[in-house]
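What follows are several structures.
In the two complexes below, chain A is the common chain; its partner is chain B in one and chain C in the other.
This part shows the complex of A and B:
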């Protein structure tokens, strides 16, 4: 059952998936190309000095990328279910509807993990070539909430798309939007060092949120 | 069962999100500025001058007896503070209390510094890499950065590799003085725009204090004797022009200390009501006296201290804290607790860090609103013909978290099918 469910989901998102991989890795590479050209003008020690003492963030280009990718994958996966209420068919399959919902979410999370891991590896790998360990450590702490916001956006997209009533969709969007904002409060590198753990717990707890919408849909809430 | 759990998780996250966002909205709409008075000490009159601010009009400064002065009069009374402008208008006195005053020595001795809670620890401290400048000769940004972990390492930033030779040389100097790796607090000036390089002040893993300098490529590494039971919490290096002092040190028991450059002497300042994580301290030093001003949420204290570190005079004033004003009272009435991820501008703790700080339940003014919301919730349950048994957790949430819980359970509604 997992295999056929994953195939069904894959057909929906494959285009968006490859697009996200290309854009995600492409932007990361482009960022380092810009840095390479900047380092041709500025000496490395001055560049690093700016990073450490002037709160210069060399990877701002990256910032909303995971959020966008998470949102896109979420929409690609759940909007087709809602046009003509196709999800009805899924929920009428002879498997547990909670299990079906969680399989859909698990597939999305796996795709996002693959895209984000690729981006992260490229980001850390090339960064480590240019900069000392400490700089990349703080950079990793800083990008962690950005990646988590991508997962959160995916869950919110699913929850809002499946919800049958518009009034509640808007309410979910407001709360979801405020939740996403919490990942982007501060701009300085290293700011989230004390908060990343909490955000990780919140995102994990948030992952089964779609079940609530599926349940409401199943029970014919109009 | 899982869908029930998913609802409670959503409600919980909604409560957190609302406890963070709604108070910010409230503060954006209604927050009021508290105008903290500004205090100056005059060595001419041995008295404090208090400048107050008001949104509506400019207030004249007063002394502790309540006598009013004009701005110009106050400037003349406090020559140590306004020496530059007094010098320009030729009003700077030649001597005060037998000490000769001229603008050059004033410049060399003048120190103005503040410890704001959020300046004690900054995200940039996480880098734990620093440039070690050559103390002899011209100051230029070096091509390597220093880190002190299991040993001292110098990383060449061009090749991104460790300079083994230099690292070994410095590690040996550290080991000779009995430094316990890794380093904890690093205090120094990373800037290359300075006149001299005093190097870095470093505490080791057991809290001992050391001074690191580089002269002609060789390490100069000294142990600094610290008083017994003295534990350093924060340390701030200061580049003072007369080279008399190196650092301000705040100890674990919240005492402010000065580390003088002569014999590395550490002297405690007689200011005893200062909590660095909550209060702001302003330090003003000159050739005649020190002045320390401690601002708290509802009070202001100033101490004039002579150069032998004895209190000459002190001033204390309390004012109405925000929590007792109407906006503060309404705030506590509406919100039982708040989630602060960064502190608001008026309370700048951890302003540069995101941190989950829950703050609240300090008094019981939230009880009234909770009772009303609980009543409304019970009414809604009746109206929707739901069973109480299935809504006990919802009611408990409203009772505990008030407005936030009420909104959350109504956005993510409990249904019985």
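This part shows the complex of A and C:
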């Protein structure tokens, strides 16, 4: 049954998925092309000195990309469910309603993991060509919350879309917005080194938030 | 006969607005029950309660032995559900949607679906969102036939269909339900179609049930009498003999469960002068409007 559910979810997001892969990997490649041209104009030592001593973040172009992708995948998955209340069809399938909701979320998480892994591999792989290990390690720590914001945006999109009452939707949006803002407060490279574990726990907790909206939908909240 | 659905003392409110109180009805195995009512009388509310999308304020619905609030996957597999407006996964085409649903039902009857699809003038890759309402209704019906459930719950299936598709849908559905011994619960506000389909009817008015009986019994006992009165200001008290009446100038249309002689005695007892008294044959739609009123 999960195969059928994944098939439905894939039909919904496949265009957005490939678009996200192209944009995600494309922007990462474009970022390194810019760095390459900057390195051609600037002495390498000076460029590295800026990164290490002046907190220069060479990958800011990357910053809100996972957030946007997470949001886009979430909207692609959950807006069609709420259009004409099609979620009724999904909840009527002969599986447990919570399981149906979690299968949809699992598919989104899987898709985001694939997209983000590709982006991360390109980011780290090409980065290692230009920069020493230490700089790339700090860069990885810095981008980790940005990727987590993408997952958080996906979970919040699901929770908001399935919620039947508008005032609750707005409340979730405000709470979700504040939650996501947390990932972007600090700008210095490596600032979140001790927070990433905590962020991860919060994001995992958010992953089941859709169950609350499904419960409220089934209760018939209007 | 075994009941497939038993609704007991259903009461529901939206905020302070009562939809109905203490609604009771059963659906016998193999019968087709139509829930008739004007817009906003609680038809879709009842469907939502039956499918577990709405928790009633009190009372319960038992479907195939389980409370509708917590239906098991098995019982859900035995309920074919058609949503108002034939809503389906419109982002799929007819091939994709069959492939999707078939994974959930071990006894999926692929041929039943494709037999019906063969009659539609659509290409296999045409998305459901680009189909006409009539074509979408056939897709939704085909999926239910392939699912082969014990109980079919159809919410206002006639909505948006032209007369040809309505007839096609009803004939196909009735033949299937009767041949396979399926139980059907359906709502509609296009009553003329229901006459060809349903065995029993429940007629809802705002906050109350007006009728719950076999259609044949309703049609044979509920009558319309027309007559002209000399005093056009005459008024009748509803309840008792008069279920409802309409006044058009000096012509009275009186709806009742009583016989002609009883009505004439009643008019005489009120001292109402009348002429041209006659019984008017009714369709189910006429009877529905007679009972619930035009407004």
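Just so we're on the same page, the second predicted complex is superposed on the first by the 222 of 222 C-alpha atoms of A that agree within 3 Å, B and C clash if a C-alpha of one lies under 4 Å from a C-alpha of the other, contacts with A are read in each partner's own complex, and residues count from 1 in each chain.
Please note the rule applied: contacts are C-beta pairs under 8 Å (C-beta built on N, C-alpha and C of every residue); 3 or more make two chains touch, one makes a residue touch a chain.
Note that this is a predicted model, so its numbers are computed, not measured.
Clash-free side-by-side placement of chain B and chain C is the outcome of superposition onto chain A. When the two complexes are laid over each other on chain A, the CA centres of chain B and chain C sit 140 degrees apart as seen from the CA centre of chain A, to the nearest 10. Of the two partner chains, chain C is the only one that A:89 touches; chain B does not reach it. Once chain A of one complex is fitted onto chain A of the other, the partner contacts of A:124 are absent, as it touches neither chain B nor chain C. Look at A:217: by the touch rule set out above, it reaches chain C but stays clear of chain B.
One of chain B and chain C touches more residues of chain A, and that partner is B.
When the shared chain is aligned, chain C comes close enough to touch A:12, but chain B does not. In the overlay built on the shared chain, the residue A:55 is in contact with chain B alone; chain C does not reach it. Shared-chain residue A:21: touches no atom of chain B or chain C. After overlaying the two complexes on the shared chain, residue contacts for A:3 are found with chain C alone; chain B is out of touch.
Of the two partner chains, neither chain B nor chain C is touched by A:173. Between chain B and chain C in the chain A overlay, the least Cα distance found is 6 Å. The contact surfaces that chain B and chain C form on chain A in the two complexes overlap at residues 219.
Contacts from chain A toward chain B in the complex involve residues 43-46, 48-49, 51-53, 55, 98, 102, 129-132, 134-135, 137-138, 141, 145, 159, 168, 171-172, 175, 178-179, 181-182, 185-186, 188-195, 198, 202, 205-206, 208-212, 214-216, 219, 221.
Residues of chain A that touch chain C in their complex: 1, 3-4, 7-8, 11-12, 80, 84-86, 88-89, 91-96, 217-220, 222. Those residues of chain C that touch chain A in the complex are listed here as 14, 48, 51-55, 73-74, 76-77, 79, 81, 83, 85, 87-92, 96, 99-105.
Residue ranges of chain B in contact with chain A, taken from their complex: 2-3, 5-7, 9-10, 12-14, 16-18, 20-21, 123-124, 126-129, 131, 141-145, 147, 155, 157-158, 160, 190-192, 341-342, 352-356, 411-413, 415, 417.
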